[in-house]
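If you scroll down you'll find the structure; I have some questions about it.
As written, the chains take the letters A, B, C and D, and residue 1 is the first residue of each chain.
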């Protein structure tokens, strides 16, 4: 992405509490809507992806109680980039975590969160260190509702 | 307010750009809505107050171009507290700035922003140092739509 | 999220309005569990999702959880009034392959009650 | 914010939908100024605010600015379709004391055109 400056950005932190899942997705959606080219379906895709990733922090990252969630977004002329990061327990095997139906918390978790994120965003990068935390970087471009092919950048 | 812990909180930063006025008020409104006791009118009051205070940062605080805006909110069982702060030029005379129709930028500014904030929030504290920045602290309690009398705390 | 529960003989009809996510899925689970505690004879579940404006994998998990609960009792589970946004997630998650789908709560109810009739007749 | 402009003889009718704040007030000002440039004969302004869901002091300032512009040309300015939320701010700001208020654009138009008739007749 080089030295390109975003046209707008925000940085948000809040505790990993269940009501903040809805707060986070509506905040990112309101921000991304500043890019007129996003369709309602694009915004809906972003809402789902943010909901999944922030839910993961609430459920998985801090087994001993709430901890901080950081959400950052940068708006460019042709895309929004969103980062959701925590300082929690981390993911032992990121490749496994990305597989459909993989979950370390069976019961009512379906293991589809990261699958949806990959389906609805154009690019997803997960970096995690056990004991240090997890960072999910996601990119959404306007009108990309269906495809999710390789992007020419990066 | 002593050592009472908020039930929820967030901290948000973004550049002082006009589209972020709407972003800020919708973010604070979405967050405050977590307190069920707030009526739709209370939330509308909060939206107006945040809109005014963030607009002030966009218009007045950084005459040389955009600078950072920090919005923090804490939710308690009986109120929301909102802080909007900047590192901009500051206000020379805060008491004067609070007067209805006082504005340093005539033209289309009506000088009513801080008047509305005082009318719609239950408590407002403005601290400012010329050359260092401005901090507006506001409290809204449920069902306080009309009155704006002294609060028993503080 | 607004949840309204109604019992029609051995059928629990739940109408959902709003957003079904991690937070509201917990409320949904608790309310259904309370209904089962109070009326142990309940056998079938109809979920009217026509008023649902958002769902994510936590919401889908809660529906799957209720499906398992009612399937265990030998009941049937219907999802009715599916709008496109919610539909694509039911599809992607495979939930459409386990639950039954009907256009309206009335249609689902007729199908449940018709089954009882034909078994009896 | 969605703005639609219509000219009826010497009247400019602006219909506003959405939120009138710092950002959208600038768009409103520019569009009205363009209309005045293209049709210098415009004299009166009718603002239909029935679709306005939010206004703050920046939005009120933009209305006051347009009021001054049209008053300078000897025209009249109407605000029509005022909803309660927008109304209390028009009240508190004193704008209700300078602009004229009508229930609908049709009523405002009849009042403007009636005035012309009575002056002529």
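The rule we apply is simple: a residue touches a chain if its C-beta (ideal position, glycine included) is under 8 Å from a C-beta of that chain, and two chains touch if they have at least 3 such contacts.
Please read all numbers here as calculations on a predicted model, not as lab measurements.
Shared contact partners of chain B and chain C are A. Put simply, the chain farthest from chain A by mean CA position is D. Our note on geometry: chain A versus chain C, Cα centroid distance of 29 Å, whole angstroms.
With centres defined as mean CA coordinates, chain D is found 51 Å away from chain C. We define each chain's centre as the mean of its Cα atoms; on that basis chain A and chain D are separated by 43 Å. For chain C, residues touching at least two other chains: there are none. Shared interface positions of chain B, defined as residues touching 2 or more other chains, are 19, 22. Every pair of chains that touch is listed here: A-B, A-C, B-D.
Taken together, the chain B residues at the contact with chain A in this complex read 8-15, 17, 19-20, 22-23, 26-27, 30-31, 34.
Of all residues in chain A, those touching chain C in their complex are 18-19, 21-22, 44, 47-48, 51-52, 55, 58-59, 107-110, 112-113, 115-116, 119.
Those residues of chain D lying in contact with chain B across their complex are 19, 21-23, 25-26, 29, 54, 56-58, 60-62, 64-65, 85, 89, 92-93.
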